[in-house]
Amino acid sequence: MLLNASGCLDALTAPDVARGLDAFVTKTVTPEPRDGNTPVRIAETDVGMLNSIGLANPGIDRFLTRSLPALAKLGVPIWVSVGGFTADEYAEICSRLDDHAEVAAIELNVSCPNVESPTQGAMEIVASARLATRKPLWAKLSAAVPDLTEVARAAHDAGADGLALINTLRGLALDERTLQPALGPAVGGLSGPALKPVALAAVYACHRATDLPIVGMGGVQTGRDVLEFVAAGARHVALGTVLFADPDAPVRVRAELAAELSARGYADVDDAYATAHAHALSTATT
Amino acid sequence: MLLNASGCLDALTAPDVARGLDAFVTKTVTPEPRDGNTPVRIAETDVGMLNSIGLANPGIDRFLTRSLPALAKLGVPIWVSVGGFTADEYAEICSRLDDHAEVAAIELNVSCPNVESPTQGAMEIVASARLATRKPLWAKLSAAVPDLTEVARAAHDAGADGLALINTLRGLALDERTLQPALGPAVGGLSGPALKPVALAAVYACHRATDLPIVGMGGVQTGRDVLEFVAAGARHVALGTVLFADPDAPVRVRAELAAELSARGYADVDDAYATAHAHALSTATT
Amino acid sequence: MRRERRSVVANEKVGPYTLLRVDRGGLEPGIPGQFFMLEAPGRLLPRPMSLCLASAGELAFLIEAIGPGTRAICALEPGDRLAILGPLGNGFRLDVDRPLLVGGGIGVAPFPYLSERLGCPPAVLGFRSDWHAEAAALVPNAEVCVEPRLVTELMAPGQDVLACGPEPMLEAVRRLIPTAQLAWEAPMACGYGACYGCAVEIDGTLKRLCVEGPVLCS
Amino acid sequence: MRRERRSVVANEKVGPYTLLRVDRGGLEPGIPGQFFMLEAPGRLLPRPMSLCLASAGELAFLIEAIGPGTRAICALEPGDRLAILGPLGNGFRLDVDRPLLVGGGIGVAPFPYLSERLGCPPAVLGFRSDWHAEAAALVPNAEVCVEPRLVTELMAPGQDVLACGPEPMLEAVRRLIPTAQLAWEAPMACGYGACYGCAVEIDGTLKRLCVEGPVLCS
């Protein structure tokens, strides 16, 4: 199943792009409206891009009254990405989404920096959300932790139905001429090709650590990349940064994937699922 | 000051390369000899490389009797990188290095995965090492933590004299044809250009969080990259992966740096130190 | 909004700038002031460029090489292919009575097409140097001034100003003519509303310039 | 060990392989079986290649395009430049009485130079197909066999074997002639002992093939 990465597509501005996906994931919605961070908010590096959008979003009230009804008309399942600063905030938004049939699933953006420990944080947020809704809950994790499998298991134990891997990594770029940070808030989130090996490792490790289904993302550019995420253990794959360069990516990537699959004699993408684990050896430290 | 990154140069096999540096950093030495991980141990990705060398090293006994005397003859200050699995192991090696005048400094490879929490781990390791030696202690940190500045402050409070930033990130690559992991142990350490934005962010954040001097590294390829690390707050910069492609990198990078400095009207590299912080705004979340 | 891989027909120097002509294919030229996202070979993200000229079967862009993306685009040679997405955003309103084009530097890029569509109205164009001012040849009916003289010194009141240029110039024009149509810039990752990277303050809140602009008027 | 940026003189096809000839500059050819690290344009790491020929003023490499690095090197054209580091590692011992070269596939790469230095001794070369076997023309005095026949079927006892080829072939040769000199391969990031990536088991422990080899003999 092909999705967009949260924050990388506005289905209301580009409905045709969204209709090329199997589900549309919203930008993270927070309790209050947020304008987002001071510009400059994006910068390109040699191997990816940095953003400091700062979760610009209309807040849950306006999201429910304005965005959701319009999104429901797209004819594509809607996953709502939820953010907050406390477990209670997540739970509150989840309970408000719970009786909207248009919402197919909830993605918990658990990569919020101001929680005690990521394991503790993920556990508490997922557990509170679990009590607040019967919708499928996907925990979106950051790879910037010492042991991601521990966080994944905690999310599982707290009641997550799946994992979304991975969010951006903190990065910095300096302006070529001035040597000042390219982004307004200096440090931002790194996405794009630089992330791919890190994201693949996250998917691979979490597939071994839990039996939760995984949405893999990070630097996907081609059908070949999708195949690699599936082979590493992702049931679904999301397109992020690539959509900025190529709004036709959903169509292109599907065609490339089909070609890759048939070249390898796979009838279906499911045939490739988790195949990278076939000859797995025991893990060693680097 | 230009160094090599630990594990990216063997000064005894390539003494001329080491002599181009201001100090030579050894591969991490552990209490016991280690053969390292099962091959394949290296793989190239589109934006970096993966390694799973597995801390292959002769162990501290043979290091002291064989390697160190030979290294001492190079005429370059020697920094010894120290690894272990418990704080006591680090302390033991440090105390054994303490009365070797040839050792200019000790780098504590605190990026060991099997410690309780990175903050706790760094704190304990640095504190034990501090008791065991009077040598300058550099704590080498991983960026794979939720809040690196917290770890940096803990290292500072525990008695570190400086920070070495950053170690590799966990990554995975699949073989083009077989879709099996390219490395023997599947997941390995990602280094090279993909790391540069992450490393710059780490240096930038730790420069603001502590007043410890920093050795910056991660994806440095050119004199321009060195300048960026210095501007972000690094006093020293280390060359890692670039040495594999270009053993003449120390000479080339120095020449490029000199050209960059004079083009910007800087008399000295110190003029560029921490200049990226000149117009720093308050930080915001992404 | 349509994305096609098109071929470069010509790469011509205009002073320090590059006029890149590509075959039009199925792309619409759109309204003057709208822009296209041009693939920058070897770079991750495309770059926003105003349409400069829409001659038969061609689209042309006037580009200043100021960084890695524009350098890569300006290095394209005839026969090279690049992906182009557009037209995007909101262009100039053309229902004006006494149009005056006011431009600075590479900000003149959208004016050749705009001038054509408005029947060659007068234009005042400011440049850093005589070399840069060579681009004025692309705009009919243009009066040129070179720094330290500023375009605002050439503006007469009572005209419908359509302006494009560096931010300080646009601010100055707005102070003189509050109703001017101004084409703004912001770094853009996508150009079609997907990234929220191009946020600028519009009416007191941060809005996406690629969706609400790039041409704005109060 | 010396690193120079050299120019490609010619890129010739030899069956499925590419013979890349570069001007020698200040690089020494070294001993047959030694190798060079060749820059692979657009890739981070260079690729190890045995020296194939050392004619006057030139070095030549025989290359099979099997992945991104070798594809990039094989796409180089005359006039293109690439950085070359070497010679590296330990080559073949040449003080042998009755030399026999045993090679398989791209493993014949070091043999033209080796053959020249040994005075054109007999060689037995195995290939996957007649097309691949075209590379045998580079080695004087060669007897060729194509799969399913194996080179080991052509080996007579009592000879000083110098072999290079795929691992199963080298293992088979070693079983027949335990004293054979064998040129092994391992993925290499640096080629000069810096990365410990090329570790292979030698005498029961993991050692760096680029330092201890690539030619090993028991």
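Every chain is named by a letter (A, B, C and D) in the order it is written, and numbering of its residues begins at 1.
One rule holds in what follows: a contact is a pair of C-beta atoms (placed from the backbone, for glycine too) under 8 Å apart; a residue touches a chain by one contact, two chains touch by 3 or more.
Remember, it's a predicted structure, so these values are computed and weren't measured experimentally.
Engineer: Output the touching-based chain groups remaining when chain B is disregarded and all other chains stay put.
Structural biologist: Chain B out, touching clusters read A, C | D.
Engineer: Please identify each chain that touches chain C as well as chain D.
Structural biologist: Touching chain C and chain D alike: no chains returned.
Engineer: Relative to chain D, which chain's C-alpha centre is the most remote?
Structural biologist: C
Engineer: Using mean CA coordinates as chain centres, what's the chain A-chain D distance in Å?
Structural biologist: Taking the average C-alpha coordinate of chain A and of chain D, the gap between them is 46 Å.
Engineer: Using Cα averages as centroids, what's the distance between chain A and chain C in whole Å?
Structural biologist: Taking the average C-alpha coordinate of chain A and of chain C, the gap between them is 35 Å.
Engineer: Let me have the rounded angstrom distance from the C-alpha centre of chain A over to the C-alpha centre of chain B, please.
Structural biologist: 31
Engineer: Pull out every residue in chain C that's touching 2 or more other chains.
Structural biologist: none
Engineer: Quick check: what residues of chain A touch more than one other chain, meaning two or more?
Structural biologist: In chain A, the residues touching two or more other chains are 47-48, 51, 53, 193.
Engineer: Taking chains as nodes and touches as edges, what kind of graph is this: line, ring, star, complete or other?
Structural biologist: Line.
Engineer: According to the definition already given, which pairs of chains are in contact?
Structural biologist: A-B, A-C, B-D
Engineer: Any idea which chain D residues touch chain B in the complex?
Structural biologist: Chain D residues touching chain B: 1, 3, 39, 43-46, 67-69, 83, 85, 186-190, 192-200, 205-206, 211.
Engineer: Can you name the residues of chain B that touch chain D in the complex?
Structural biologist: Touch list, chain B to chain D: 7-10, 13-14, 17, 27, 35-36, 39-44, 47-49, 51, 53, 56, 176, 192-193, 241, 243-248.
Engineer: Spell out the part of chain B that touches chain A in their complex, as residue ranges.
Structural biologist: Contact set of chain B toward chain A: 37-38, 45-48, 50-55, 112-115, 117-118, 142-147, 168-174, 179-181, 184-190, 193-198, 200-202, 204-205, 227-228, 231-232, 272, 275-276, 278-286.
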